[in-house]
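Right after this note come the structures.
The two complexes that follow have chain A in common; it is paired with chain B in the first and with chain C in the second.
Presenting the complex of A and B:
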């Protein structure tokens, strides 16, 4: 068309424009996107756009043996995979009425807390990067790698350990593992003051994160917020303490809360949980040598295992919040239905859509990372 | 306090004729209820018994009975107990009521179930596609959708026989089990 023939389409005067934020954006955690409507840099509305990571886990699980799914479930959440295995195994144990040995319970607690430490180090590192500070991210990822080394020694796998099976864990620890874990904890403990002065007491972070993405306790309860994000609004609730599983009843730890409900409070809760996880792991190291016995109870041939018909809803506290599996068996060798309730299915969709409204464009990434949203849990 | 509240719930629910009440353990309760009465039960649980947290809504496709089972898991932060309310609706037409006015998180779960099972929830704020935006087939989580058959119809199996494999086979080795034999 010749320029003199061009006539612009008349639009009503408006300052609003729409922006596709993600799925390939450094401020977005994983493959996830937002359609935001902006006025200047103020967000008028935000709409989550998921599905870039949909692998159909729930359908896949219906076509595989009970035991095969153990290798599948940790893929649902990459940064924090152990709770997925444990929760799925707990569901099968409840359906079969298996009583797992005490040593296996403590080994599972150990794994869960190691995974929580790794996930929290990852989470606050990511948050730091969204505020322009890349050093905490490098430190966090480097220290997480040391935890992954211990996972490799214990299970053979760095990220996906696939160490749990229904009835317990696959094998016992290598010799001297607890000493090396203890040395790692000493190191991580000594790093916490460094993290404080680099990040958690850094005015750059505090001024950026304060009052960003704030919610009250009423809102958090109404929107289905769980985990550290709920504790950051002042409610002391933890599935480990209030709906205990495994050996958590025998372990002494604090449920940390913060009053603010904003991005700063959520990070401070995670910071305090690093300390609590180290405390739990120290108790495990102290207690585990005195627990003798097998690491798993006898199970039927796993390739021809018909789990009794029934249904169960098991919950664990993952690093992101309440993780639950609804498992239905019709007495066959494969699950009839598995429903995964990832904590991020609330945080990354509804909560983030609501918190983003009224914030500024550059804060969306910060809100997302402060909620520790994990998009694969939404897509499944 | 929490123990008394739990017992109060037992007494209350055992008296209602239209529901089946089963306590699994001190923190898990299963209730089977007719679909007409479920929203009222949830309203009672939320308003009068402090079950403010909707943990999940699960859907199970019981194709032989031609029914969908909907399970509402609600948690009380005060009594630390979970009630799973089970109800069954007909598979055709697969329409049910939304509980979004009681529980905000229901919007996500109902949207998900609509997408994966094709159950329509009347009154839910958003029934648009979410995860499977480019999918035009039947709802994939239904039991009558066979994903393996779908793959075989849609895609071609590709013959993969590279030179390095031919070299190994010339020496008498190679893949001993063909993929079709495994399947």
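Presenting the complex of A and C:
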């Protein structure tokens, strides 16, 4: 439009205006957008505008062999890919009635917790960045990289490991892996006080995050909030403890809760879960050498694997909340239907839209990151 | 030598002034350029990165490369922008940031204009900068830019009050508006400098200065994760560079003014101690530079370790904390000056 043709639309005088927040905005995680209605700085309403990351995972999976989907599912959530593989494998194992060896169970627990550590380091770093403090983000990314080094050693892949298959894991771990993992855990343990003094106990940050995006426990349950976000409202619910899978029954860990339900509590829950993950991994390191045997149970030819007809709903605790796969098989070599219940599909849409109302413009990004929303989980 | 002086006197006054201005502005511009490099390096190391290290030796030519890039970039004019205001805004921001240096004494005698109301002049000029910001945000005709401009205006105006009050106490204590006299009033030893008797104001002034330059943790006007880049979101090329230069020139100015008014300017920190004669050969300009660098470094340090304040928290801090502190301390200082409390207030 030429400037001479431009004429302001006549509107009754009002302080309200609409703002397009994203999809290309430094305060937004991934490609995701909001249409925000503002009164000055105050948010009157927010409407999530997803779809910028739609890659059609659920539909793609229907056209691929059961085993091929293993390489597809971790793409659904980049920062925390391992639970995707594990959960999908668990679903197939349940459909086929496969009993996976104990060693594979422990190896999966190890990966899940390594992935949780990496994801949490990423998550609160991102939260810090939304408040204009980039140092924790860089620290988190740097320390996450060391975990990725271990993933590379174990699986050959840094981010998408594609290490789990229905029936176990692809191969055993290399010699001396547990020692190097132990050294990494010691290092991460020694880093936590640094994170505390820089970030979690930073008075400015605490003021910034307290009472922002707060929800009560009833609201959280009504809105389908899970994971650290639910635990931050004071409810000790963790799939790992309340519906144990793999070897979690034999592992001793605390389900951390915080009373507040706000952005600060969610962050403190993540901070405490870093500690718990390190604790779980230490138990794995202690226990794993005593578990001998195969890492995979015998499976049919994966390229002509007709999974028995049936349906199953399998859930695991990912770093972002309850991740579940609803898998339907009609006895063919491809899934009939796979539905991914990404925790962020609740957090990033309905919860975020509600929490944003009444907050300030500058807190939208903070609320989104404090919920650890992962947009690709919305656009499956 | 005498020939040089003759030549200097022979030059028309206007040329003399231009030469003097160039002698101040050129090093200042270089300092700004390398301050950006310092910032990227310092914050880089704080964030376990290396920072720029590709252009020149360990990245030493990075600012030059940045300047070249910005100079050759097109200044994109948004369709709905007001062209005149859009282009005048960066100039309005940059000019006061440079002009404020006119009355700044770099040493006992080294000052371009030894104005008696120097402090007033600096206050007036630093307040001018906000017009550039408001006009930029308005002329861009973008919601993000406008939000940034409004925030910036409100923030700068509130902190200007606290800053002004802090300076009132300095004026009362020094008994002069002339920067040279303010420094001379701090003579004696490091304990005679105004940071000690005016300690709360020293802190308030520096923090208000950080807020005034829109730097972290008070950078809500630019808040990257909130309103993208605030008032200069649509600026590119040299127009953006002008805002950038102004911001960094202001940061250096605030650091230098803090050093001048609270840390004794060009006075040696060893004055009045046994080590005074050992450092007598050090020019006063060096001490001023060293003190300025302390504050310049702190500005970078803040950015790496503080989250951004929320806008209402900034306002609360300015109006409910800083202004009461300064008012109370002005009364304390006035009482001390009237009763000629040694050592500081025996003017």
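Heads up, the rule we're going with is that the second predicted complex is superposed on the first by the 371 of 380 C-alpha atoms of A that agree within 3 Å, B and C clash if a C-alpha of one lies under 4 Å from a C-alpha of the other, contacts with A are read in each partner's own complex, and residues count from 1 in each chain.
The criterion applied here is as follows: a contact is a pair of C-beta atoms (placed from the backbone, for glycine too) under 8 Å apart; a residue touches a chain by one contact, two chains touch by 3 or more.
No experiment lies behind these values; they were computed from the predicted model shown.
Novice: So if we stack both complexes on chain A, do chain B and chain C clash, or do they fit?
Specialist: fit
Novice: Given the touch rule stated above, what does A:204 touch, chain B (first), chain C (second), both, or neither?
Specialist: In the superposition, A:204 contacts chain C only.
Novice: Between chain B (first) and chain C (second), which does A:365 come into contact with in this model arrangement: first, second, both, or neither?
Specialist: Second partner only.
Novice: Tell me which partner A:63 touches in the superposition: chain B (first), chain C (second), both or neither.
Specialist: Touch partner of A:63: chain B, not chain C.
Novice: Tell me the contact category for A:19 with respect to chain B and chain C: first, second, both or neither.
Specialist: In the superposed model, A:19 contacts chain C only, not chain B.
Novice: After lining up the shared chain so the two structures overlap, which partner does A:328 touch, if you call chain B first and chain C second: first, second, both or neither?
Specialist: first
Novice: Give, as a whole number of angstrom, the minimum Cα separation of chain B and chain C in the superposed three-chain arrangement.
Specialist: 24
Novice: Across the complex, what residues on chain A touch chain C?
Specialist: It is residues 1-3, 6, 17, 19, 25-27, 41, 128-135, 138-139, 142, 198, 202, 204-205, 207-208, 360-363, 365 of chain A that touch chain C.
Novice: Along chain A, where are the residues that touch chain B in the complex?
Specialist: Where chain A meets chain B, its residues are 48, 50-51, 54, 56, 58-59, 63, 221-224, 226, 235, 237, 242-243, 311, 313, 315, 322, 324, 326, 328, 336-337, 339, 341, 345-346, 349-350, 378-379.
Novice: Can you list the chain C residues touching chain A in their complex?
Specialist: 43, 46-49, 79-80, 143-144, 147, 216-217, 219-220, 223-228, 304-313
Novice: In the complex formed with chain A, which residues of chain B make contact?
Specialist: So the residues of chain B touching chain A come out as 27-28, 52-56, 58-61, 71, 73, 77, 80, 82, 84, 103-105, 107-108, 112, 116, 130-133, 140-141, 147-148.
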